[in-house]
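Shared chain: chain A. Partners: chain B in the first complex, chain C in the second.
This part shows the complex of A and B:
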């Protein structure tokens, strides 16, 4: 059941609710496209592609939680928000979901709006709000960045899973009776575990990138402006 | 980075389905899926009709049933929920083989299984007959914003590199005695992920700069050359599938 919230397949949520969320996702993505145009420069364009490819690849590699056959995969919303910012980040996750639905049949095409709302919009938005807050509050050290990445990834996964619960409450095709609270609980617990894995992976990935190429971490941009000591080779520099 | 960027699901061939322009196939596939999803779940015959439609297209595209069904297994984790529903569902119950199952849950499970499977089969057919390059081209011609097609282009371009790199790194770790199966070994995996990311980025950056220096502006040359776009005839041919599907869906809606 864990993988369920990650990719809703056709028929789990009824048509009208799927259509409403489809319209919502379309509107939000349009807004993201408009905002992303300003962000997408020579450095960010290949980075966005790579973040998308990376999320795509890591979503295919399921990592086991405990030894009991329960497995989950990264959502990548927090990673995308950290590395390419919220607007391009949401688009990256959305592109992954669209290609997965069109080509690999992961998640129904008719449910794309729901999946994009949960994973690309809710997940990335929750992650970025936390990132913006935590980077301001926490000390400007590697540990601070690690905690930021971990917490934002963890919370974004749980938020995305609760997005599914909300959608199921609105338009689930099967009445679970009073089990909706149970569904919410199961999803939250399962995704807390997935979220810990996601948090660890996001934190180590971002730390590695921040150590070697701090110019590539979008979330640290404002910090760089304050500290011009870091010479940024624009257009990436072939090193 | 020239030709031959086919993905694992692509089945090279020269059938009428392969020859259709990608934008036409994407549109047909999406409309077909929407029709399937809109069908009431009690109309069992309708789903038989859709399955027949999928089988006809598969036969035209020379995609084997065995290949399709094996690949369709990918959806299993995503529809496990369907098998739980008969036990979780509320309301009236029936006894079946000694189990008390919820009627609504049984319908719900069937609903997810049937619609999910048909959706997966439709996307597999699209994937089997369309290269990823054509797919992006199709999305671009369907007026998908350029930011999105650009991200998608790079994504698909870097994907094979990433996967191969990841596989090499995994083999390297395994051969050094790592057994990445437990939660506490996640750190090794994650550290590798960081390295993988950086390696792939620096490669991707070079590729991107090389593309820029050769006049890349965010769209693939084929798109602005406009060659090979779908003709009205091709749209009409491909429209047969969604039109039949919509007819079945409409009939099912009226009859039930």
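This part shows the complex of A and C:
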């Protein structure tokens, strides 16, 4: 119960590389803020706060994966991208990581740029690209939405884990003796399994919101506008 | 509509509080995918402390804020593990909501303000109407009933094109 460091700790990646990723993350988040403003209105802003708080909560819930002695937890990029869109979504995950690093001592403060790059930026971006693709090709049903959520969540977790491998290749503090592929493989397998959990949580959550308040699911907006059976034809009421 | 959104947010927040405040105590205490990968090559004891071997995790250094009263998802001075973890989760959820929600609230477009040139120019994904060109009627002093009527009629026209 007491361990629970979930993100990259100080000392794992060297200072210069951590600083470079810090600058990179800051630039990317600034860009996200600019793009997010177009999405954020009176309805999305409170929803985005909720998404961040919900991701914080679920990240505490480490679940066992099928290999002995290893757990996983939600990263949240796909969930955020589905519910509040990619730009606001990335910011939601970043807010969680900042709170965790500055208040809960989880993930080194000096490592914040690395953690944000992997989970808030790479994870959310990978998820959203898949979401945009899958929602176009899959049937517009609850099953289609479930598959979209599951697959995008799973892939985003594996992508985020490989982001760490790249960072380790650039500035890892232990000489792996050329065995970076070993680390990549270990991370990929573990996060493939974690991704299954992430996919289940993401799909369950998004389907629940879609059932209660479909208008609060960002990813469904264009879809619903395009659907022929929309009941309210005037004044943007479909949103 | 806006009130109903806040209602939904309230219910969602309660769910998050329950998860972080209670369910978190039943979370797995095994190292996560990242930690376990970094422990590869080392032997660890039952408390997941390194006992030998060589692995990347050995380079880990103390967190800058390891003395924070909420470090490691517990509350300093609370003896009961259950309470300590649960309360830290509750604080975390409320804090994250306050920080995130507050920042997003400040960043939001203030559509109903009524000033014309607030159009949020770039549709982010091109798949939803983002015209926020100010209300056509201009007379909605703090009317909470239905934000949808705030939407300019253009939105409806653009809807079914996708």
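Annotations for the structure displayed:
Following the convention adopted for this analysis, the second predicted complex is superposed on the first by the 218 of 239 C-alpha atoms of A that agree within 3 Å, B and C clash if a C-alpha of one lies under 4 Å from a C-alpha of the other, contacts with A are read in each partner's own complex, and residues count from 1 in each chain.
Quick note on the criterion: a contact is a pair of C-beta atoms (placed from the backbone, for glycine too) under 8 Å apart; a residue touches a chain by one contact, two chains touch by 3 or more.
The model shown is predicted, which means the values in this text are computed figures rather than measured ones.
Aligning the shared chain A places chain B and chain C in steric conflict. Once chain A of one complex is fitted onto chain A of the other, the partner contacts of A:99 extend to both chain B and chain C. Counting the residues of chain A touched by each of chain B and chain C gives the higher count for C. Of the two partner chains placed by the overlay, chain B and chain C both lie in contact with A:110. Of the two partner chains placed by superposition, only chain B is touched by A:197; chain C is not. In the overlay built on the shared chain, the residue A:36 is in contact with chain B and with chain C.
In the superposition on chain A, contact is made by A:18 with chain B only, not with chain C. In the superposition on chain A, A:187 makes contact with chain C only, while chain B stays out of contact range. Within the superposed three-chain model, A:207 lies in touch with chain B and out of touch with chain C [touch as defined at top]. In the superposition on chain A, A:170 contacts neither chain B nor chain C.
Once the two complexes are overlaid on the shared chain, A:26 sits clear of chain B and of chain C alike. Comparing which residues of chain A touch chain B with which touch chain C, the overlap comprises 1, 3-4, 7-12, 33, 36-37, 40, 42-43, 45-50, 52-54, 56-58, 60-61, 63-65, 88, 91-92, 95-96, 98-99, 101-106, 108-110, 173-174, 176, 212-213, 216, 235-236, 238-239. On chain C, the positions that touch chain A within their shared complex are 1-2, 4-6, 8-9, 12-13, 15-17, 19-20, 23-25, 27-38, 40, 47-48, 54-66, 68, 70-74, 81, 85, 88-89, 92-105, 107-109, 111-112, 120-125, 127-130, 132, 147-149, 151-153, 155-156, 159-162. Of all residues in chain B, only 7, 9, 26, 29-30, 33-34, 36-38, 41, 72, 74-75, 77-81, 84-85, 88-91, 104-105, 107-109, 111-116, 118-124, 126-127, 132, 135, 145, 147-148, 150-159, 161-163, 166, 181-183, 186-187, 189-191, 193-195, 197-198, 200-202, 204-209, 212, 218 touch chain A in the complex they form.
On chain A, the positions that touch chain C within their shared complex are 1-12, 33, 35-58, 60-65, 69-73, 85-88, 91-92, 95-96, 98-106, 108-110, 132, 161, 164, 168, 172-174, 176, 182-183, 186-187, 190-191, 193-194, 212-213, 216, 221-223, 225-226, 228, 230, 233-239.
Residues 1, 3-4, 7-12, 15, 18, 30, 33, 36-37, 40, 42-43, 45-50, 52-54, 56-58, 60-61, 63-67, 88, 91-92, 94-96, 98-99, 101-111, 173-179, 197, 200-201, 203-205, 207-209, 212-213, 216, 235-236, 238-239 of chain A are the ones touching chain B in the complex.
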